[in-house]
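Each of the two complexes below includes chain A, the first together with chain B, the second together with chain C.
After this line comes the complex of A and B, so read on.
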């Protein structure tokens, strides 16, 4: 579809771009003080995000899913992930209200960067062209680098930002190398064109061509693995999560990961279109699936095992989010309609429970000024509502019924088991075993909150802030969706298809 | 448009309202909300029943579609047909009267609002159980009424008796639930659905090749029923349940919840019929329970315990009636029993109220003149329980006995047991009446008084139904006969003669024996002691089941759980996992060089492996 006619389909992105620009310009021209600054700008950001969400819901359906000459692809899955990205950003704006981890004189920048990040995630979710993928990844990465280093209390945050830049630079360099190899081998940059070339080209039949293709695939995986924080491209994750301001960490653990999964799925189905329709028939995609399967196994195992030793809640949740990337990779491996559907369900569930858990961490941090597990001792007595919400999130992250996390895992495991085949079922078994291991460290936090008593006179935990309110509000759907999961089934049905 | 789900949902709203505002709500408001929601529910049920009379076969409503994986959909449907509709009318109608009565009875209790919240919750679960068209939803109701029963038995938790009684009811019912769940799984596995209407249609075909399965399902469902409806061998919880407030005994432990098992049997008749032995077992267990409980009721001294054993005994009749013949007789007896037993319990409550909490009937006497309304209404209830013409009990009991007489090879023996039970029932009923209302006033308690109108009006209404409900026999049989097989012809004269003869003889014997005799305070002697000690069933269960079970659980706790599971498996695997975690840790040392190196090593490893394979 040509450029001008494509515009109505990217109105959400337009709204985000306009909002981000407005935030930066207004700040520079007006320099507001007091209430307008504290409340007005977050409200403006929220308004822009809401407008984007409304445009997204009302976006016209189109017979031709490719826009701007194939740069962007719109399908139900991308629509869903764009929604997740926007909602996650809105929650991060809510969490940031009054957060001490953000310097008060740079709040406006923070919100502008958040909206820009949302724009990047939306573009990444629907990118159908290697160039677009690269540009979108860089928008997401660059804004993330800045946001990770935003907390100016001590050097932890700055260190996190720098590490993120260095690691991200290497990863995207490797990925770009992979892209250039693909272009050199097949002479095309759009995913659909690459798919056709791959199906008809003779390159793969020669030994050297096969080698070069595999090299390119592994390199591309480095960039995408970095975005979803999969092992071995995960090592930035704990340090950055710990150092970054908590409201942004909450977003970082969900939004870019969701967009990364969208592009991972789209890359797969673009190069091997059978993956989207009949996963079992996609024999030529086997090396790719094999890579992803191994990555899934290693990612969840390493994430869960490393989380066991963490005493810092943000680090613990960082490793837990690595493990969850491993779980979601199971859905990517399963393919077909069911795999992406399961990934979408898990993303929705993960959005609620993980941001909820970070909201609790943020709320406790505001009173205790620490994320150490020690300050959670006796939280069940001091702030029963908050501790209860945390318990719901932790049980949901473990995947125990009757929580939403259970339903999400059920869909992931089911997608593999319905696919059938020894290796697929084995991967599901590994996933179940990992869930068992994960109970160990989640239960540690539960034990600290409910069974152990605080040493000395701990500071009272205030519930009168946006983080605590969000935590309690998010606990409700985490529990309700575990019992009435029809909305999740609707998500699985809706967003299972990629073009 | 008629919405069936409104029937259970209205009391639920009442529960939520009273429960949430419990502390702030005035007693008056709680009472009004509690009573009016149940009354509204009754009116909606009535409207539904009228639509059925106008020719609709059934009214259904999908309350919620519960999606699970793949094609398995759990549709939570409510379905009002003649059978569930008649039950819904009893539950909401009798429930309303008992709510009304409770306003007077619980007056002044600290937990007044809590009581009405629980009572409304109970009505919601009971109506869900009755109206559900999905076995899973039925199970929710089944467990829900059990929960409410537990909460209300233990309502006065500060006293010593109620909490253990509540626990006993809960534990004994778990055995029945095992049957329910297992039957549910078997049905789902063999028929592939949990929708009751679909189950009843396709189960005969599905079990054709597997008769043992049909037998198992039937017996397991009956096991569930023996728990909820207090049949041999699981009846022991019901008499203890009398520790709860008396209106609760009337509503839950006489009129509605304990009849859920009977209703379940009636509902699943088409599946039970697949294996005729199942029906024989049900009928025989019912007869044994009826006789045993009637024998125990003979020598009880607690005003409510007599009625509790009588309920167990009458429930036995209902099972006989639901298994023999077409099942209508059992359901009809369930209906009349709901009236007269609720009446007797409420009457007993009125007596206890008058006596200032005294429950020992040997310490009462002469209340006829002091509480006249209670006396006259109780007299009607007692005559109905004894099955005397023309009260409701006469019609329903004879209907059952007529069916039993021609049921299978053992019909005559079962019939004889039924007639004997009828005689015994009349005898203990007379004893109960005589000791409470006749003779000298024997209590040191100074001033017995009649209960307020809010309590006596329900008594009078229930008495009218206990007296006259039997005349609706044919209308009822015609109505419920759309679902169950209607009985053929009239009750034979010999049945009426035997049953009424036994009843009259029993009544006369009771009146004559207890006209002047009052049992002394010490333990009874001879055969009466066997009855008074309840055949030592509780002691036997204690020795045979409870103690070995406790011993076994101690052994398992210390050896299997403590030694094997805790030490070897749990701690062992925990240590293993922690050790594995320790291996992963040193890489994450904070140096970005190491991080990128790890990434590169990973890339090279992946590449090498891909190229090698």
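After this line comes the complex of A and C, so read on.
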């Protein structure tokens, strides 16, 4: 579809870009103080995000899914992930209200950058061209580096920002090298073109060609693995999550990950179109699936085992988010229609429960000024509502019924088992075993909150802030979706197809 | 005539490159690098690729060199860097390998045939029609990327308001 006719399909992105520009320009021209600054700008950002969401819901359906001459692809899966990215950003705006970890003189930039991050994530989830993928990844990365180092109290946040820049720079450089190898080998940058070239090219018939292709795939996987924080590209994750301002950590753990999974899925189905329809027939994609399968196994195992030793809640949640990337990779390996559907369901559930958990951490941090597990001792008595919400999120992250996390895991395991085959079922078994391990460290937090009593006279935890309110609000769907899961089933049906 | 100009430009380029490595003063070395880049731009002109020549001057001899000089001056780089023997040896080995590879590659291409593009290939018109028609979306998004970079610089430079 040519450029001008494509425009109605990217109205959400246009709305986001306009909102960000408006935020920056208004702050420069008007320089508001006091209430307008504290409330007005977040409201403007929320308004822009809401407009983008409405445009997304109302976006015209089109028989031709490729826009701008194949640069962007719109399919149900990308529409869904764009929605997840926008909602996650809106939640991060809500969490940031009154958060002490954001310096007051940088607040407007925080919101502008969040909106640009949402723009990057939307583009990333619908990019169907290597050039587009690269530009979108850089928009997401650059804003994330900056936002990770946003807190100017002490050096922890600056360290996080710097570490993220260094790791991210190397990862995107390696990925770009992979792209250039692919372009050199197959002479095309669009994913559909690469898919055709892979099917017909003689490159793969020589040994050297096969090795070069495999190398390119590994390099691309390194860049995308960095975005979803999969082992062995996860080293930045705990430090960055710990140092970054908590409202942004909540977004970082969900948004870029969702967009990364969208790219990963689209890259796979673009290069091997059989993956999208009949995963079992995609024998030519075996090296890619093997890489992803090994990555999935290692990621969940390392994430869960490392989380056991963490005493800082943000680090614990960081390792848990690594493990969850491993679970979601199972859906990517399963492929077909069920795999992406399961990943979409899990992303929806993960959005609610993980941002909810970080909201509790943010709420406790505001009173206790610490994320150490020690300050959670006796939280069940001091702030029962907050502790109850946290319990719901943790049970959901473990995947126990009757929470939404259980339904999400069920879909992921089911997609693998329905696919069949020894290795696929083995991967599902590894996933189940890992869920059991994860119960141990999530339960540690539960024990601290409800069974242990606080030493000394701890500061009372206030519920009158946006983080606590969001945590309590998010706990409701986490429980409700575990019992009435029709909405999740609808998501799985809707977003299973990728073009 | 063309051969004379080429030899002059090539000699200038080699001279600039050698000086850029050997001069102990970082600012002088950067200046020598400019000579090399401008001479290369002249060679592009000889090869009837005016667009590439202009880009070479604007981007490399202009923007990138200004960036180099800024970094040298702002970061207070040690201005006198003594040339150690092992760096010389390592550099010669790496450079020799690179030269070998380049010659090898070029000979492969030459043997094939001197491949020249279609009429107008690489001209400003061709480049811009690809950049602003086919790839206009990524082009615009790069400006978003630059906006993020500018905001980043401002935010990082901001001090706590008094």
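FYI, the second predicted complex is superposed on the first by the 499 of 499 C-alpha atoms of A that agree within 3 Å, B and C clash if a C-alpha of one lies under 4 Å from a C-alpha of the other, contacts with A are read in each partner's own complex, and residues count from 1 in each chain.
Heads up, the rule we're going with is that a contact is a pair of C-beta atoms (placed from the backbone, for glycine too) under 8 Å apart; a residue touches a chain by one contact, two chains touch by 3 or more.
Because the structure is a prediction, the values reported are computed rather than measured.
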Taking the superposition as given, does A:22 touch the first partner, chain B, the second, chain C, both, or neither? neither
Touch check for A:287: first (chain B), second (chain C), both, or neither? first
With the two structures laid over each other on chain A, which partner does A:14 touch: chain B (first), chain C (second), both, or neither? neither
Touching A:454, do we find chain B (first), chain C (second), both, or neither? neither
Taking the superposition as given, does A:204 touch the first partner, chain B, the second, chain C, both, or neither? neither
So, does A:139 touch the first partner chain B, the second partner chain C, both, or neither? second
Just chain B (first), just chain C (second), both, or neither: which does A:308 touch? first
For A:485, using the defined touch cut-off, is the partner it touches chain B, chain C, both, or neither? Pick first, second, both or neither. first
Just to be sure I read the superposition right, which of the two partners does A:171 touch: chain B = first, chain C = second, or both, or neither? first
So which bits of chain A does chain B touch that chain C touches too? none
Touching chain A in the complex: which residues of chain B? 64-70, 574, 577-578, 580-585, 587-588, 590, 592, 594-596, 598-599, 601-603, 606-607, 610-611
Parts of chain C lying in touch with chain A, wherever the complex brings them together: 133-138, 141-142, 144-145, 147-149, 151-152, 154-156, 158, 160-161
In their shared complex, chain B is touched by residues of chain A numbered 162-163, 166-167, 170-171, 174, 211, 214-215, 218-219, 221-222, 231-233, 235-236, 238-239, 287, 290-291, 294, 302, 305-309, 410-411, 414, 418, 437, 440, 484-486, 489
List of chain A residues in touch with chain C within their complex: 3, 17, 20-21, 24, 68-69, 71-72, 103-106, 109, 112-113, 116, 119-120, 123, 131-132, 135-136, 138-139, 142-143, 145-146, 149-150, 152
